[in-house]
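Next come the structures, one after another.
You will see two complexes here that share chain A, one where it goes with chain B and one where it goes with chain C.
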Partner chain A sequence: MSSEQTLSADVVIVGSGVAGASIANELARAGISVIVLEAGPRVDRQHFVENFRTLENKPSYQGPFPSVPWAVHPPNQMTPNAYLHTTGPDAEAYQQVYLRMMGGTTWHWAGCAWRYLPSDFELKTRYGQGRDWALKYDDLEPFYYQAEVMMGVCGPDPAKEDLGSPRKQPYPMEALPISYAAQQFRKLIDEKTPWRVVHEPQARNTRPYDARPTCEGHNNCMPICPIGAMYNGSYSVYHAEAAGAKFIPNAVVYKIERDSANKRVTGVQYYDPDKQSHRVTGKYFVIAAHCIETAKLLLVSADEQSPEGVANSSGHVGRNMMDHTGVQVTFISGDKALWPGRGPLLTNVIDSFRDGDWRNERGAYLVHMVDDNQVDLATQLAISKGYVGRELEEQIRYLASHTVRLFSHNEALPDPENRLTLSKTQKDVLGIPHPEVYYKLPEYTVKSCDHTRSVFRELIGLMHGTDEQWTPGYFPQDHPSGSTIMGTDPKTSVVDGHCRTHDHENLFIASSSVFSTVGTGNITLTVAALALRVADTLKKELLHA
Partner chain B sequence: MPDFKNILWSALIAGTALGSLALAPAALAQSSAPVQPAPSTRPEGVEAELARGAYLATAADCVACHTMPGGKPFAGGLKIATPMGNVVSTNITPDPVHGIGSYTEAEFENAVRHGVRKDGAHLYPVMPYVSYAGMTDQDVKALYEWFMHSVKPVPQDTEKTRLAFPASMRSAMVAWNFMARKEQPETGDSSTYDTVRRGQYLANALGHCGTCHTPRNALMSEKHDQYLAGASLGSWYAPNITSSKTGGIGNWSGDDLVTYLRTGRIKSRAQAAGPMAEVVEHSTSHLTDADLHALATFIKQVAPIEDKLDHTPRDAVGKAADVPDIRTRGPQRIDDLTEMDGPRLYDANCAACHGQDGAGVQDHYVPSLFANSTVGAGRPDNLVMTILKGVDRTASGAHAFMPGFDGQSDVQRLSDTEIARLVNYVTATFGTGDHHVTPEQVNTLRKAAH
Partner chain C sequence: MKKEWPKENPCVPANLHTVSPNAMRLARLLRMSRRDMLLTGMGAAVTGAAASLSGATAAETHATSAPDAGSILHSGPEAAQFMAVSRKLTDRPALDLRIGNALHAGLVQGNPARQGQISTLHGLMEKGQFASAAEFAAAAEKADPALKDVIHDILTGWYRGVADGKVVVYRSALMFDITKDAVYPKTYAEGGPFYWTSQPPEVARPTGHPALSPSKFVVEPT
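Up next, the complex of A and B:
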């Protein structure tokens, strides 16, 4: 079964998304030997662009990425899902999608690159809810900036538009111009509500940056930026490779080995697509395999020494699953045409509900006015209304230019009952169990979503909206987090403030799985900042040992 | 973006400023703002001479070779790779130990116009002294004064140039210099010349256009009966810019030329990329309107020479044409990286910016592919090079950018086969026809560009 040659490196990283690849790049540039094990294949942009162009169902953002059998990712957000099985009262609200391949899920994110607010790290202290992180905003600030430079983030001048997360440096690039639709929306909010619309910080070029072009507003950031104006993890893989890191695709890690004292990780084992097993040893190990897969790997590695799974003496691996589960509505504005869909998908948000004293009883949230092309939805609506011929064409034009889509990111709380376990019945072709998640929306989030609905209704009224279509129940936001929660107490948490597992001194986790709470901003920039902080820790320990 | 380091020995021997492409933007920002003389007590005449020297250095594009990526202006160190080894540009700041601070004006003149160092050793003709030989005494002096008084000394050594035999014998250059024809020094005050003479002075003694655009004989000297008739640099091709209406740029107006030299592009005609983008960025975009017009006037009156391959104007070929409907297959598995055919490659890599029909965008920030001298040329070299290396040109306040698709690209890495198919599709659809470029040809250019 085992290959003859054992691979070895100073640092072995599982996963090549933004977290794993950025650590690999930092370490390789410092002269440290690195092996990156990626479950999925090496990929490239042009084939995804062609897949997207030939796709019938354009809004399906998993559509252009049919997975390989040895590293399945969720095919869609539908229930039942053939891979990520969800149960519990809010099973449908936890249908997360992600990508298992070189570069990870940032192939189809929308580039939203928020820093968390200082209060997001201290929810317990400030509002008596959830937990505090084992680090503060100021600990992460330099790494936030490093991540913004690495990814190429554009954002507003803090003197003109303070997003609430103190900055020592300006954004690497100027903010995106706000689209025509967003300008109309912003005017309405400014004039008729006490709220505000701000520029969304985006990992997207507003000038040529890092040998990649300026965004041209193709409006299909999800599922695929056709020109490379938006950051994705594959760039960091390329940079890491150029700096000497070894990238091994199609390497599905299924086992984390420890020494006899169970204190240090000694190696990992992976299957290739033919289920041949290979062993990789190293001094340090980083699991950077996305919230779902990271927890799954720790649990799959259970053995006699650790019957509940690796790094799991607390029993918290797989627990405290969170997301920005939100609310979504589309409607037809009765005011003048907005012509959404001209520019990147997300350029603006209402950030008036990100923080406040009310967080002691209900969750915070962000509201996105989603600036996507609405021809698809408009056509469905016009047909359903019975229009034909020339009238159908006119209606499609009218509806597409007047459709408004709003959705929210609502704050969850870590609840140990919301739990990822290994499926007892479903396995992949390699014999590795599928993940299964029990999910019940915390009351804190339910109250937050109720508040959001009332705000949305008010906005619909202000825009004289008709034809409201509310997404039934709740809307998953694909920001899973919490499955290897951070904390100071090894009895109730999995990793410490440096993302080092309490149980194994040379095992780190770089993923949203370490989040102690989930705040409201999209999670990727915080994932990247935490990862770069892990790289910094590893550099200090390896170079100054 | 050290993307243009390997020029052929032929171009090297003849002396070329092309290594400049390796300049990083940071260096460019520095170098385009040379240290100005302090608003000192110097007499007015001295100030004027220093200003004149600064302008001459820009027109002669000294910074291009004598600054390395991220390095201090004129501190040298830029490596120009050749099959014979790297030629490393020298420190020409006025540092007395590491630079040229100890040079007298006569020694400076001997280096600039005759290619002889202070210690008597011969420079490799990468330094275009055969062109600079045409400078007036007055201008050499102004250049000397500017280097000595306005350039910041940098006490820093560069690596030594070590070439393989026989090029390692600097003395061999004596024989070459004997046979190579040099510009004859101009006389008088170059700023008072009439338009054509001033243009000629800018084109030859300073801008050394012929270094790239004039083909060379067996001894690697410029063929004077083929002045500006076009030559390969091994990777990029410096096209025929004589006044031939078919093979050259005789269909360009004087204003077209001025616009091109100032901005690097003319809508529905041409865009500067590669070494010419560097020339525009560092040199011609900083020239005065009067000088640009003089240069244009001179170039316009250069004798027409027909081109061997281009028999219709390169920039007046082709029309909009939609990609055939290829959206028939469903999505392929993520690990399917099969090389696609020409239309699909175009659709996946080019159409997002250049349009399904090749028309580019309205303001031509992204140019059309028809009416485009790179696509319409008989030689596909520059089209291949543009796909490999992209475009990165900042001139007159505008930054033109296209990503490269070579082995360092983060956007998309294309194979030799893919680039060959793409080039053949693009030339067949928007240019003069299928060029039947082979993967081997692409590979040769890919290697030459590194």
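Up next, the complex of A and C:
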């Protein structure tokens, strides 16, 4: 059944996360009409904060964000999972979580806002591994800066701490002062190792910015910053709406229509929660629905014209799935009290393994010492050890002040065999198949993780650590990418260097799904920069047509 | 009109009323209320749920409605026993009665056998002369190994603020009281900008020993 009224706009965007909302904002400010279709509901920050406070399992990042039946997202990182079905030898390493909500998954990111290194865009040329992107660092540099201004990124002065990604402008805000625990960690690394600890660039306010307050160190960036000192996609939604963009929540796009030549997209169809179908037409279309949902939508749009799915003449939609699959260990430091959990979650990083000649055989990585409040974990641990009364309280204080958690983001490679397909057995209430991902960790990543483990063991030794608890296997980092891979050859890639699909001239993709390689450092700033570049292209074409 | 979703689908709640975060909270409270009513035979808890409908925050509602229900259920000797056993197990001369009542109600709701075990612990405590929580807990486990679990539940209640897998209190959990010179409960920091750069207090390595045998520790999924 279809509604009588057809919606229409110059640009129709699917997905309201950082990518979709920032494009909507840019276009609406230029006077271009925009409709954004978001599958999930619109919920305000305070509900998420309350959900968090009443949540028993506080480390559950998805916990405060229950899904709705018409836009299910993975409930947790468990395998098997009620929504994202993973298979293959490393199924558990690809159990990603994300949110289908107005504002997107940055509701529970930690604000880490890395630029990729120039070498990350040329992995094939420089190291003979993976692929090259169809753009260079310099092409993206202005948009990296635009994204940093949009989000409000704080970071170090390049003259004092060069993070390896050349900048034409300083960071919009001064770097966030690192915590006492991180200061001690940095001192140890400086004195005892050849590595270094740097300030992590973050989309977090070190002064009032964009009508949002300075960070007060609630230590809850993930799953929810209680005061909005950290940027998330909802702020781009608010700005875009103020500029005139129309956002429609609970609109589950299930079909991308094309013209008879199959060259241009003519409209999209979405279901509302009652499974009423609605049609939205436009001149340009942007799919900005997260790596997994974007590939899923292209595949479910398969029809007689495109039996393998929309934009999929290459057969690469859903392939080349990547992540920053990492390693994680928790231990008790034998040195002085650190009291992690004072300030934001992630403020410092070892960046000594981001680049080097060894990338011709193993992946790069970043190491985080997480500044996570450990009181609850310490309490559970001390009770389980059998302590009671006064001794229990001493243990809680000791464990909470001495627990150290390290984790890494390790680089994957694009492998066409690591593939997202539509589940043949599982469907949601609207009849749309669930996503299924086959995953085998690339040897390149395995070697990188092995290297990380040896570094972690060295760090544990330097900190006189005991009670090591290694997270079994590999740790998914929720940075899925690659499912609509970028390239210059339409036979082996889905989008070109401007994120335009090779197959359909007015269809763009704004997502980590276009990444040709995954580098190191959280992916969001690169997603935002690519999205802003898409907005720039659309503005040029629409305003100067 | 909303359609009814197919019930056979494994990944979704069966009823639409559970789907928004607000509705989920309400549903949780209503479930709790139904149990309260069964236990008490009275409708007092419905008042608590109605209060949440009228806009009280979930955390406050948990903290205030449960003690109300608890005070009806536990104004008698069981409540006093729970508090006395709790004081002994925490080595503390005084504990908050309202929180205690809420924890007690939650514990017994989650596992009705707990009431008898709390009484057993109380009887043991009355008979012996235990100088400390550690002595008492060790004696209890020796008398009946099953008592270890109820001791864990009581300590989890007071220190984590959790009973029957639910948050009864968050900020007021004792784990935050004993660490408040160094850290804040997540979402409640009040140290001012960049407080985290200052040096927190040193903590001496503890010398005490566990009183109970160790239990398996399972980290919940993220």
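Operating definition for what follows: the second predicted complex is superposed on the first by the 545 of 545 C-alpha atoms of A that agree within 3 Å, B and C clash if a C-alpha of one lies under 4 Å from a C-alpha of the other, contacts with A are read in each partner's own complex, and residues count from 1 in each chain.
What we mean here is this: contacts are C-beta pairs under 8 Å (C-beta built on N, C-alpha and C of every residue); 3 or more make two chains touch, one makes a residue touch a chain.
All values reported here derive from a predicted model rather than from experimental measurement.
Which of chain B and chain C touches more residues of chain A is settled by the count: it is C. Contact with chain B, but none with chain C, is seen for A:Arg45 once the two complexes are overlaid on the shared chain.
Judged by the touch definition given at the top, the superposed model places A:Gly228 against chain B, while chain C stays out of reach. After overlaying the two complexes on the shared chain, residue contacts for A:Pro307 are found with neither chain B nor chain C. Of the two partner chains placed by the overlay, only chain C lies in contact with A:Gln183; chain B stays clear of it.
Of the two partner chains, chain B is the only one that A:Arg212 touches; chain C does not reach it.
Once chain A of one complex is fitted onto chain A of the other, the partner contacts of A:Ala242 are limited to chain B, with no touch recorded for chain C. When the shared chain is aligned, no partner comes close enough to touch A:Pro472: not chain B, not chain C. When the shared chain is aligned, chain C comes close enough to touch A:Ile396, but chain B does not.
Residues 41, 43, 47-55, 64-68, 214, 216, 218, 226 of chain A lie at the contact with chain B in one complex and at the contact with chain C in the other.
For chain A in complex with chain C, the residues that touch the partner chain are 41, 43, 47-61, 64-69, 72, 76-78, 82-83, 177-180, 183, 214-220, 224, 226, 273-275, 336-339, 341-343, 371, 373, 375-376, 378-381, 383-398, 400-402, 426-429, 434, 469. Those residues of chain A lying in contact with chain B across their complex are 40-55, 63-68, 101, 207-208, 210-214, 216, 218, 226-228, 234-235, 238-239, 242, 250. Of all the residues in chain B, the ones that touch chain A in their complex are 1, 327-337, 340, 344-345, 347-349, 352-353, 366, 390, 392, 399, 401-404, 408-414. Those residues of chain C whose C-beta lies close enough to touch chain A in the complex are 1-3, 5-6, 9-13, 16, 19-22, 24-25, 57-59, 62, 89-91, 132-134, 136-137, 151-152, 155-156, 159-160, 162, 165-167, 170, 174-176, 178-179, 182-217, 219-222.
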